[in-house]
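Chain lettering (A, B, C and D) follows the sequence in which the chains are written, and residue indices restart at 1 in each chain.
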Amino acid sequence: MPDDETTLLEVGGLTKTFEVAAGASGRTALRALDGVDLTLGRGETLGLVGESGCGKSTLARVLLLLERPDGGHVRFSGVDPFTLRGKDLLAWRRRVQMVFQDPFASLNPRLNAAELIGEPWRTHRDLVPAGKRAARVRELLELVGLRAADAGRYPQEFSGGQRQRIGIARALALEPDVIVCDEPVSALDLSVQAQVLNLLGDLQAELGVSYLFISHDLTVVRHIADRVAVMYLGRVVESGPTEEVFGSPAHPYTAALLSAAPSLDAVREGGRERIVLTGEVPSPVDPPSGCRFRTRCWLAEDRCAQVAPVAEARPGEPAHHAACHLPLEPVVAGAPR
Amino acid sequence: MTNSPTTPPGKVSMLSLLARDRVASTAAVVLVLIGACAVVGPMLLGDLAVEQNLRAVNLPPFSIGAGWEFVLGSDSLGRSVAARLVVAAGTTMSVAVPAVLLSLTVGSIWGMWAGFHRGRRESVSMRIADVILSFPSLLLAVVVLYVFTPSVANIIAVLAVARIPIYLRTARAESAELQSRLFVDAARTFGTGSWATIRRHVFPTVLPTLLTVAAVDFCFVMLTESSLSFLGIGIQPPDMSWGLMVAQGRQELQTAWWIAVFPGLAIIGTTVSAAMLAAWARMAGDPGQRWRLTLPRRGRGKITARKGVA
Amino acid sequence: MLTFLRRRIVSSAIPLLVVILGVFFLARLTGNPANLYLPLSATPEMRAEFAARNGFDQPIIVQFGDYLAQLSRLDFGESLRTAQPAAEAVLQAFPATLQLAGVTMLLAVVGAVVVGSLAAYRPNSAADRGASFLSATAASVPDFWFAIMGVLLFSVTLGWLPTSGTVGAAAWVLPVATLLIRPFGVLVQVVRGAMVSALSAPYIKVARSKGAGDQRVIFGHALRNAAAPALTVAGDLAVGLLNGAVVVETIFGWPGIGKLMIDSILQRDFAVLQAAVLLTALTIFALNILIDVCYALLDARVRQGVAA
Amino acid sequence: MTSPFRPTSSARFRAPRATVLVAAGAVLLTGACSVGGSTADAPGDEVRIALPEEPPTLEPCDASLTATGRVTRSNITEPLTEREPTTGELGPKLATEWEQTAPTSWTFTLREGVSFHDGSAFTAEDAAFSIDRTVSSDIGCNVDGYVFGDSELTTNVVNDTTLEVATAESDPILPLRLSFVEIVPAETDAEAKVREPSGTGPYRIETWDQGVSLRLARFDDYWGTAPPFAAARYVWRGEGSIRAAMVTSGEADVAVGLAPADGAGDRAVEYPNNETSYLRIDATKAPLDDIRVRRAINYALDKEGLVASVFSGLGEPAAQVVPEGVTGHNPDIEPWPYDMAKAKELIQQARADGVAVDTAITIIGRNGIYPKAAEAMEVAQNSLLEAGLKVDIQMLDVNAWMEYLLRPFPSDAGPTLLQAQHGNQAGDAAFTMGQIYGSEGAQSSYGTPDLDRLIEQAELASGPDRQEKFTEALAYQNDEVVRDAVLAHMTGIIALSPQVTYEPNSATNDEMRLAEMRPAN
């Protein structure tokens, strides 16, 4: 875990509940986040994985202040952004940006590339002087691998990958410290995915920006993340350095996820049997008691239903935490890599 | 938009885009002509339009023998229909344009605001719209007639208030849909304020629909103004408006059709021109559609079809 | 959905009260009706008696209190003009307008969706231009003009249709046509515009690129998205029809509420006016709730459509 | 006959439960079923009449309302006496004879063998009841104010066929006044108005499908000659050209209240409708308080031109508001000649004397008071501007206009010219002079003591003396008071189908006798 010096973003006990209409009976609470703890270091990439509906996107929206959490705290360089107002809030906005999942919907089709990339400057007027904006747009276009001549084109004239590059350029326009990437490549073709991922990697190397990289695709996360956090039903069940988590998962859910992604050679070579999860993800409106995963866990015992497990570091792997009463044993030493 | 410095060569300015489109440019020319009539008409033909000749009433159109001014015939008081048509453009526009603009502006800003914020602001606004819609606007007119003095400003106010809900509801509906779009979320992440977001993302998207409605609302306002004159709140003679001419000529539709038909055609012409221009503007303002306007006229349909499947 | 409905209905109660309040006070701002109902040579005593008989001599607040008390007993007062219960007059006239407006809106919406979609399918084509031109013309033709010309042509000259009246299907043709042209014209414009925008939206292109048939593209995806603005405008037009079928009702002798309402304004027949506005307001509120429900359904389907 | 809206009368008061869509379907079904149901009985059995508006009620004591009187009077109910519009003579109806037994008392002998539609026999009891109900009750009869003002009547039933009526003051034209009191059976509600009365007339109410149509059927026990048509069906259409079209297309036999431009073509029948249009001059305010200005206004108006153009040649330039045929008409008064030079000169003289002729005068017009009302005022405005006055127009709706027509007048109004029209239904100048020219008359903006005295003397006179005194008052008004600018005696138009013969007369507007209509062959 990064120490205080390098910690940029810290999230603790974050909860968020939505009210949803539930038939004729009235409204019910949907618990999207249920005590999430995370940290993100400077220049680091944290991968956040989980099945759809586990609360990943809600977390991203909370971090961007698009939603207000019910409980817990968010600290950005020690400051709670939800307490900020006016100029301070605007200054904070500059430091945290987002790349959206859908490159079609996240770009206003009525604006051209230059206007899209320059849009943040219309709010943050002093960042780039008006006279230099066109030049800066060209720089950014080239930085994300587009031609400067594309500035006058409209989103619908670009391919999906190119649009996502525009989205990234727009996020970079404010020179942020952190970019929250919400499934940035899931809408793209495989060949394009790699290009965009490499771009993100290059940009990190060049600009030193941190990523919170949300994805349901373990291959992608493994490719880009320094550390990973695994979410299940609004809780982080396991977190740690990518190698440790993917190399030898402690939580049964992580193991199941890895097993379901056959391209991950580590798992196969780990000699484990393929785990097939049965049943659907339980509804977040009425989550299971105790350990959220117990209804689908092949190891579940009585106490799993009674006591919610707390995250504990794995012996010998101090940065690797898992919230499980029955953590899996580490894979035998000598595993590849 | 296309005028921004980043516009690459090959893109054309709005004006030359308009010039390429025969229908839209005709519509624009018609509107400019009507505007010109409205401004200079009363000065040039003001006296001719009120000059009565009780010995030359109801002359049919093309009665050039009686004088050039009777090219569109004369009305039941022997006044030149052509001159009245030109002069009436001034009064008509001075009522219709402010009324439409006022209701369009107030209604759409209010509607976009309500739709963007949703929640209580939205539902209160919509209930207010319901209330206004529930009142017969004629009642409002009669009240104005009794409580205030009838004047052009009051006519405009009555018409505008009655039409605000139309724009309010339309803008609200689209705005509520847009505020949940990702690109609006993106704007929020930049810290863009709600009014700026509305201006930048909601307004340009909602505007075409509002303009479409406003264009056809023109005729509604012009005709409603004529029915207000029945109550005494409308344009008072010897001033004249197209609506008043239509209302007066109505009685003579069977014997002297030209008295009502020409002002009616003027109203239709104005509305149709405005509607065609609005349709063109919708296309010209939409980057996804603008290319269609740059195509040569012939074979446009085929190209579209092919492109559509591609 | 039921919760939504309940909340929506409850939230309409206050506006409805505002309507009742507004109509009551606005109506009384339009002048004392004594002159209309008394002979020209009426003496001051007769005027005083008239005022007393109708409660006009009371302070307006007291009058309003009495009115509310009456309302709570479902007593809507009596018409000054016909001495009939106002509720009776209004309930008699209302179905006629409702039927006329219903048929008209049904035809207008169906027609506008078809014509508007066809026009938007190939924007800027000759067919599109033609449809736009015709619909803009239709939207701006003075309705009484259309009505009288229709009567002269189809009834007097050709003898195909009755001039007026409500008896027989043929009698519906001209009134419906007259009432139809404007909403139809406006709706075609709106549907066309919304469809043009929807058809250029990225997901439609995606759907097209996935090889969805043309009809499916238009009617499956684009129409759902174009429906929102069209629905709003159609709702407002329907409200307009309820409130403003006066010309048609006057010309064709259609015993509807539009004419009743206008007559009661001109005749200062307050009880009838209040009852008529109350009933149309109720209908308008119900209509808007219905539209909101349609929205909610539409919204869900649009989302599904995008997600699919 | 049923409308598609209300298949049965029991459905009348039901709340409109049908939703729009269901209604649409139902309409198409019922509409389809009732095709062909509109064909009336064989021609000759029923006369179909298109009115401008539905009668608000058929209550006989409101019969001075045109819309009501046109249907009720002499068709459903009958009065004791009846004025013959063509001759002006008062003839017997339910009373066979009458005489003035004292200055304030009259005795009427009533017709025998008359029965009401409800089967009861007509007696003096019913006549007394009807007079009391109309004149003395609290139900607010329109006829009461119109005909009797605040005068009181006392009835005394002598026997079944003899009725005495006493007045507070001598009233030489009481029998004429009583021709406006329609007789209803004594069983009629005395506390409230009735919408569908019973009467002794040749027709009884058969069905009144409100909003749609009204059908009267021949009353088989009618005391007089049976009328030619077995039934009459009234429908109402607000648009004149539609009423005319109904006759030309064969949907109606009679169309009432048409304008020249409504297109009735050769079906149109013109008749003097007893109305006279005039501009009332508010002589209490400068500059109209100067008689030269009032005279100038009269000289400036081109009545011939107005009639020829605006009124399409119908009507006749008028000299006085009392038309020919009405007791008191003065045949010696000539219409003011059109003399613009004289008008200008008079205005100049007034200006020279310091009269504020530059004060803006407002013409208060009323839309629809007669066809092309606004145009008529534009012509007047044009002439007065030429004469050197400043004139604006304001066209109002009926209620707003009435604020100016009737006392008390709006206090904040400047000098006004009021567009007005007067019709003397009763045929005696007493129904005109007091209220229009008297200093305190309800519709009078200005009067002089001398004129008041002349009118008062005329009202108390009878016989040839009465005629002469009214003539004198009218002449004095025209020469020395000049309170108004009379424009024209108006002409009405009805349309008749080839199936019907009917001769409209000056009373047709207020009292359209079905018995006078007969099949053409």
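Here is the rule we go by: a residue touches a chain if its C-beta (ideal position, glycine included) is under 8 Å from a C-beta of that chain, and two chains touch if they have at least 3 such contacts.
These numbers were taken from a predicted model, which means no experiment stands behind them.
*Asks:* With centres defined from CA atoms, tell me which chain sits nearest the overall protein centre.
*Replies:* Central chain is C.
*Asks:* Need the most distant chain from chain C, centre defined as the mean of C-alpha atoms.
*Replies:* That would be chain A.
*Asks:* Using mean CA coordinates as chain centres, what's the chain B-chain C distance in Å?
*Replies:* Result: the chain centres lie 21 Å from each other.
*Asks:* Express in whole angstrom the distance between the two chain centres, defined as the mean CA positions of chain C and chain D.
*Replies:* A distance of 36 Å separates the two centres.
*Asks:* Starting from the mean Cα coordinates of chain B and chain D, work out the distance between those two points in Å.
*Replies:* Distance between chain centres, rounded to whole Å: 44 Å.
*Asks:* Between chain A and chain B, tell me the centre distance in angstrom, where each centre is the average of that chain's C-alpha atoms.
*Replies:* 50
*Asks:* Pull out every residue in chain B that's touching 2 or more other chains.
*Replies:* 142, 145-146, 253-254, 286, 288
*Asks:* Which residue numbers or ranges of chain D touch two or more of the other chains?
*Replies:* 241, 263, 397, 400
*Asks:* Please output the residue numbers of chain A that touch at least 2 other chains, ranges allowed.
*Replies:* Answer for chain A, listing residues that touch two or more other chains: 105, 109, 156.
*Asks:* Enumerate the contact residues on chain B facing chain A in the complex.
*Replies:* On the chain B side, the touching residues are 1, 4-8, 11, 181-183, 185-193, 196, 200-201, 204-205, 285-288.
*Asks:* Which positions of chain D touch chain C when the two form their complex?
*Replies:* So the residues of chain D in touch with chain C come to 1, 3-6, 12-16, 18, 20-21, 23-24, 26-28, 31-32, 34-38, 56-57, 59, 64, 138, 140, 142-146, 149-150, 192-193, 195, 210-212, 235-239, 241-242, 245-246, 248-249, 251, 263, 397-400, 402-403, 405-406, 435, 441-443.
*Asks:* Would you mind writing out the residues of chain A in touch with chain B in their complex?
*Replies:* 61, 64-66, 89-90, 93-94, 96-98, 100, 102, 105-112, 114-115, 119-120, 122-124, 134, 137, 149, 151-154, 156, 170, 174
*Asks:* Please output the residues of chain B touching chain D within their complex, sorted ascending.
*Replies:* Per the stated touch rule, the residues are 50, 52, 54-55, 57, 76-78, 142, 145-146, 150, 229-232, 236-238, 248, 251-256.
*Asks:* So in the complex, which bits of chain D are touching chain B?
*Replies:* Its residues touching chain B are 240-241, 259-263, 302, 305-306, 308-310, 367-368, 371-372, 374-375, 377-379, 381-382, 392-397, 400-401.
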